[in-house]
Amino acid sequence: MSDNVGHYCGLFGVYGHPDAVELTYLALYAQQHRGEEAAGICSSDGSQIVRYTGSGLVTDVFDKRKLEQLRNPHAIGHVRYSTTGSSHYQNIQPFLAEYAAGQVAVAHNGNLINAPKLRHDYESRGHIFNTTSDTEVILHLLADPKIQNADDPLAEALRYLQGAFSLVFLLPDKVIAARDPYGIRPLCIGQFRNGAYCIASETCAFDMVDAEYVRDVVPGEIVTIDERGIRSRFFVDAKVRHAHCIFEMIYFADPASNVFGQNVHESRRAMGKQLAREAPANADVVIPVPNCARCAAQGYHEESGIEIGRGFTTSHYVGRSFIQPSQQIRDLVVKMKLNVIKPSVAGKRLVVVEDSVVRGTTTRGKMGALRKAGAKEIHLRVASPPIRHPCFYGIDFPDQKELIADGRTVEQIRDYLKVDSLTYLSLDGMLSCMTFPPESYCTACFSGNYAIPVDHQLTKFALERHQMKMFE
Amino acid sequence: MSDNVGHYCGLFGVYGHPDAVELTYLALYAQQHRGEEAAGICSSDGSQIVRYTGSGLVTDVFDKRKLEQLRNPHAIGHVRYSTTGSSHYQNIQPFLAEYAAGQVAVAHNGNLINAPKLRHDYESRGHIFNTTSDTEVILHLLADPKIQNADDPLAEALRYLQGAFSLVFLLPDKVIAARDPYGIRPLCIGQFRNGAYCIASETCAFDMVDAEYVRDVVPGEIVTIDERGIRSRFFVDAKVRHAHCIFEMIYFADPASNVFGQNVHESRRAMGKQLAREAPANADVVIPVPNCARCAAQGYHEESGIEIGRGFTTSHYVGRSFIQPSQQIRDLVVKMKLNVIKPSVAGKRLVVVEDSVVRGTTTRGKMGALRKAGAKEIHLRVASPPIRHPCFYGIDFPDQKELIADGRTVEQIRDYLKVDSLTYLSLDGMLSCMTFPPESYCTACFSGNYAIPVDHQLTKFALERHQMKMFE
Amino acid sequence: MSDNVGHYCGLFGVYGHPDAVELTYLALYAQQHRGEEAAGICSSDGSQIVRYTGSGLVTDVFDKRKLEQLRNPHAIGHVRYSTTGSSHYQNIQPFLAEYAAGQVAVAHNGNLINAPKLRHDYESRGHIFNTTSDTEVILHLLADPKIQNADDPLAEALRYLQGAFSLVFLLPDKVIAARDPYGIRPLCIGQFRNGAYCIASETCAFDMVDAEYVRDVVPGEIVTIDERGIRSRFFVDAKVRHAHCIFEMIYFADPASNVFGQNVHESRRAMGKQLAREAPANADVVIPVPNCARCAAQGYHEESGIEIGRGFTTSHYVGRSFIQPSQQIRDLVVKMKLNVIKPSVAGKRLVVVEDSVVRGTTTRGKMGALRKAGAKEIHLRVASPPIRHPCFYGIDFPDQKELIADGRTVEQIRDYLKVDSLTYLSLDGMLSCMTFPPESYCTACFSGNYAIPVDHQLTKFALERHQMKMFE
Amino acid sequence: MSDNVGHYCGLFGVYGHPDAVELTYLALYAQQHRGEEAAGICSSDGSQIVRYTGSGLVTDVFDKRKLEQLRNPHAIGHVRYSTTGSSHYQNIQPFLAEYAAGQVAVAHNGNLINAPKLRHDYESRGHIFNTTSDTEVILHLLADPKIQNADDPLAEALRYLQGAFSLVFLLPDKVIAARDPYGIRPLCIGQFRNGAYCIASETCAFDMVDAEYVRDVVPGEIVTIDERGIRSRFFVDAKVRHAHCIFEMIYFADPASNVFGQNVHESRRAMGKQLAREAPANADVVIPVPNCARCAAQGYHEESGIEIGRGFTTSHYVGRSFIQPSQQIRDLVVKMKLNVIKPSVAGKRLVVVEDSVVRGTTTRGKMGALRKAGAKEIHLRVASPPIRHPCFYGIDFPDQKELIADGRTVEQIRDYLKVDSLTYLSLDGMLSCMTFPPESYCTACFSGNYAIPVDHQLTKFALERHQMKMFE
């Protein structure tokens, strides 16, 4: 998949390390693929939390001076996908707020489907909101006297949330992690050699900072790290069925990470093998679409016995702000990212392996580039099923009608992409490659089966707002 | 006065002008002297408010692209003095929030002395705060259902505020201005040729944007500008005694502005004349300390008949970020700003006119520079009384013990400044130069008489906070 | 004068001071008024010269890191006026070159009228040029074997130059200053407390860095500063008549500086007095046009006995990159710089004192602003004669036909400027205010009498070039 | 190879295309791998050449405004590897100079071994130099009257040059390309659909801008493009033996490019196959070291039949300015670029394929990372021979003594890299994979056989310089 869908977010937190802020910076860098548009760090010296955020890549937002200004032993950080609209800057996380009990900062990966309702409730009680982010309601819940008076205010607050949430909190003297009962987004615990604990979205962050993976934060669990060490509790009693986002395995997570109990590269390779079994092709060479589909392509090659080739080179410089030339250079967006190695494809029958297809526009561009370079036949194999449904838990797919698979048969898609044959991996085949039982995953974008019932009435709250009386 | 005391803030608002954002930019530039450290603009297309803020001068914060992105017919803007601490960026105004009735943005000049108590009350009811600014409580008041249900929610909210406040609000479809009942800070109404109305802290903003001054916003008044035109109401019935900040006349306001019913240059000139009457000197030449004291020096010269000379040149480039050299160049801070014209002072008996003296360190540096250039005698005349008391209404004087006049007699100050004689303008003399009766001004920094009783208990609320239960 | 004529350049050099680069930075800052568009510093550790240049103000071009990278005990620096065209960056001085004898850097204030011919000669012998600056020929002369073989190569090289040149050279182990035989541009020697010598265009640079003025570099002199100390020689034997640029006294130099043997402020004050004698006015108040004319206005006031007033406030923020709004705000360029203090002018008969008038457009704008503010009569007095001739020695006046005084009588100019009366200072009157005899000054821009005969054939060399054979 | 050796440079030129500057920008982006440290473009409107250069990536140096300012129908561009020292900015190409015949700009890829001697000669004749680059002598040759008077001045000038040079010149009305008689660096001709011709270092530039590859510039050829079209001549009559830099095939060129008559990816794949034949290994999986060795690894896999695996993920964000943390994170430089996919290597016997090894430090880091991830055996196979000799033609290898292979046996290198076995590709084996006969390549870095005799006396000229007389 190379269409520009919104990425998830990436989290990190560390308590009690002299280099906490620099480690957070490095760990965000390692998870940059989870969000390229904005980054932020909050840190604390034990009594006061400070914050710095900015738009752009981690390396653009922070420089040595800013890291130095944030220097503190406790820190959390966040990278996020693109935000649109005017309140952009206010929406960059971590959020930092002050309430009756003091300061708290929070960073969130996921999407809270009942945020509009909660927001509506709080607004009707006189609360003000400073962002357009769903995450802000968490702060209002924490500050709510009714929740404050509960035995365990954080657990009480989290029980109000519906949807996907992997969270790291920074209090002046603690780092706290929590994960929704469905375990939709990943979140894991690591430990440094000096004994300090850390939290990250993906294990590749631990590799970067030389921390050891300890275990995942369990769905429904709250993990607290402070001077007393690390301790755990659950905010939900009953174990609900899990709903790990299968798209983490297909596209988002780094191949080197372990996510949801298995290595990402290996799971993609297994999907590639399954794809070869389900959808063989009479071809000379397997061509991976860089970069994401390389794992699946390897599996396809291994299972099919068809040689694997390198059809594209990739630019090392993608992601930088590029000036869109005024002239019309065809397929420039594709070209900026990759270039065809002609001898690898000229005169050959190709099995091109993609990880997924969203809008189809860039895939079409790539297929056109292969054809122009002389490919004799193109058999496109997609290592996931067609995407036909919106995601309510954090993936920013385009509008349903922009999805190539929306209302189109596979044959119609094949025709649009101008390939000789096209096969998607089956839903069951995909799930058979996963570690956990099929019912442990959310496959809603493919199947339409939402793990959490989506209340389509939730959006009405936003509308009601303007019936309230505005001052003049 | 050239000690670095915090400046006030500057406000602007305009409704219904195609160039509203550019006009706001220009008007903030014209009021840059009211706050050099940060600037922000909110604008609305009639239904949605957008915001951009940044630290630095107006010309640093905004460029053509950003103005273009904000382009809308309704806008408000703010320039502010230095902020310290970590939540810096969150504290830049205008603030933009969303509550039950929709979006509202606010820009504030002044200081709310009961903000800690109001904040404490709201926090105890579960509200969260995103800034450390007193201004944020205004948004919480507006959103409070109890106030929302009042006949006039804005008036009701403003009645809760104690202290100094000149305010401009932006709602999606209105611009609203309000001023505290004491009229501590200035605020005035202007009109463009096309009929559109605007609001500014000082009339010099109108000169810049070619608007005509209409009248001041009256203390206790709310002025609403929208598609129905302009209309007014009062949020307090009884007329209280006014308390215009006399320091606006002495130092802050631009000489070209009319503030509190009189021209600033003229009022300073009158104070200079009065100073000459109260404190004549046997001297050859009157030397103004640039830039602020030039008006008073002119008055002194006119009244005394002593020739006025130009003792200093001023750098055109002050205010830019300057690299503090590692070497020890004496008095560099003074030198970066002005340089002595030696023939104007060498061998002469000088009457040096200052507008005010705060810490005394830079004044001392300037007197030393005059002496080094060969001044025979230096008779320092200050066109305001000694500053001995803190300001609770918006001037960020240094700690009381850093004030040169704190606990020192005039003779001791004279000794510290190394001048041959020193006289301050008397309180009564100063007030005699004002348009309104003496009781219409706040002179607390000189006299210790605070127009609004200051409750020194107010700060206890901040302390109580941390006795509340924090989650873990 | 406020029309945007090109400024001169400013020079500084220091040998053997541990803070040489920072001092150069400060001294360039103090001379920033001599050139706002680009700045550069070269420094040497005794064996190797390094260079950094950039466009913009000194404070924009250099930051702490860059100063640190340049850190060396010997340094020269340059500020320059706007450059146009494509080779902009290459034209920023100091120039640094390597030739047979090693490295040499040069910074130049002035204009070499025979540069086109010299360049033509060198090009015809195969030399290449990297800039479009006249200064570059100096480097070619120095490198010329014929000149290298002279007893005193530098003296020999300087004898080839015609026109205005104040120069500072940096060799790996020396700083050298030289000044043309006419003394057209200023250049002076200072000394630090630690004994180290420095060179500057104006003495205000010495004030900034706490150096003492020693003496001027004499026209025709070469001053060498190195580990052996300071020594002097002359590159021309016969003393020619001097031709100090009178415009330095009228407009360019800082009022606090001593230039051509007299204080600039004092000379301008004297011109103002002379103007009052030559052109009295029946008026209520003398209004100086900021900033430059304040000295002359003071003189006018002293001589005439007419009270001096403050008619304008000036922006502290001028010079920053300002966004030109798309809307049409009348006279915005004038407004960005100053604003009228209405009570100072309303209903009054004004004697407005200007230092000079070039194009007349901004002067006209200012007169209009005064009129709009209610001035009853405006009597404009200009403290220098009408400018009617081009300058070949370093002032970048506009094309002759753009000069307001070109082909217009004073009455026609008065009409254009819309003032009630207009008088210029006479040439003789102006010269009577100078320290040296009238024949010691260049007044060509007023009188057309050029100190150095201008060969109007010189430009033909540029044309001939393209008749040479170009390779293909 | 991942040690930081200096890259080559990349060139582009286009004549007569309305989007010439934007196309140059895109073509430089496509060749960014040839030089990441600085970039520049010169363009001409037919009579005047303008220039803009800067340090950093192409996308950092240029923005829309700058491209717009350069907008012209003829252009050349250059990307270059890191420069050190003070004259950095002056050394960024293209160089633009003016001489007797007018303006000329030049961009150069390669290294002129007789530049010190030529420079010495010109300096002794009085020429000045503005850079420390060897390229500058080309401009002096062109301007030399002796050469100007030759029948074909450019050809005459080029005959003076010894070493490696691929050149593009921009004259006001022409683009000219030339290549040294040995053909050390690549240079090729392309054509746009509209008929306009262009020049590039590598064909991947043509892919980016939608130009068709026409042919290589032949060693010893001059190609002129102007309004008369394209034409060719040779500046050397006798065909010398070619000496194509074999390192272009091994490391520098983009896999998608055709260089020296063959596709780069294919040639690397062939070297991988040959390596498998020469140095088989008893292993479970072939692991390519990203990115460059992926082509060779594929060849090794194909020939050996050992499965190919993905052992590393690569960061998309490498190359950006990264803040070196103060803490000691081991192997951070390696980690910033890649991360091990543990399941791909844990418990396995690996054949790791590298393209080349220079210093060995990063290779050692990568081998350590594989070992730490659980690799059972590591058999390192390098698809080129040991590097033992310096390059005089443009590769900036480290000092000979820093080369891992300098003075070490393969066994000692194996021991240093901590791998179980190590084999390099043989020289003959490598050459057998090339299109042209073995004697057509320069293999000096491996074999010590220099195509062009290197005169070790050449450096003496630099020393002699300072014996010349310096002025004072």
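Read from first to last, the chains carry the letters A, B, C and D; within each, the first residue is number 1.
We adopt the following convention: a residue touches a chain if its C-beta (ideal position, glycine included) is under 8 Å from a C-beta of that chain, and two chains touch if they have at least 3 such contacts.
Being a predicted model, the structure only gives us computed values, none of them experimental.
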- Task: Enumerate, in label order, the chains that touch subunit B and subunit C alike.
- Result: none
- With centres defined as the mean of Cα atoms, the chain at greatest distance from subunit B is chain D
- Just how far, in Å, is the C-alpha centre of subunit D from the one of subunit C? 47
- So, in whole Å, the Cα centroid of subunit A is separated from that of subunit D by 38
- Task: Mind checking the centre-to-centre distance between subunit B and subunit D? Centres are C-alpha means, answer in whole Å.
- Result: 60
- Task: Give me the residues of subunit A that touch two or more other chains.
- Result: none
- Query: Where do chains touch, given as pairs?
  - Reply: A-B, A-D, B-C, C-D
- Residues of subunit C defined as touching subunit D within the complex: 48-53, 85-87, 89-90, 95-102, 123-130, 132, 139-140, 142-148, 152-154, 157, 171, 174, 176, 224, 226, 465-466, 468-472
- Task: Quick one: which bits of subunit A touch subunit D in the complex? Just the residue numbers, please.
- Result: 18-19, 22-23, 25-26, 29-30, 32-33, 57, 59-60, 62-64, 67, 204, 207-210, 254-256, 263, 265-266, 291, 294-295, 298, 302, 307-310, 312-323, 325-327, 329-330, 332, 335-336, 339-344
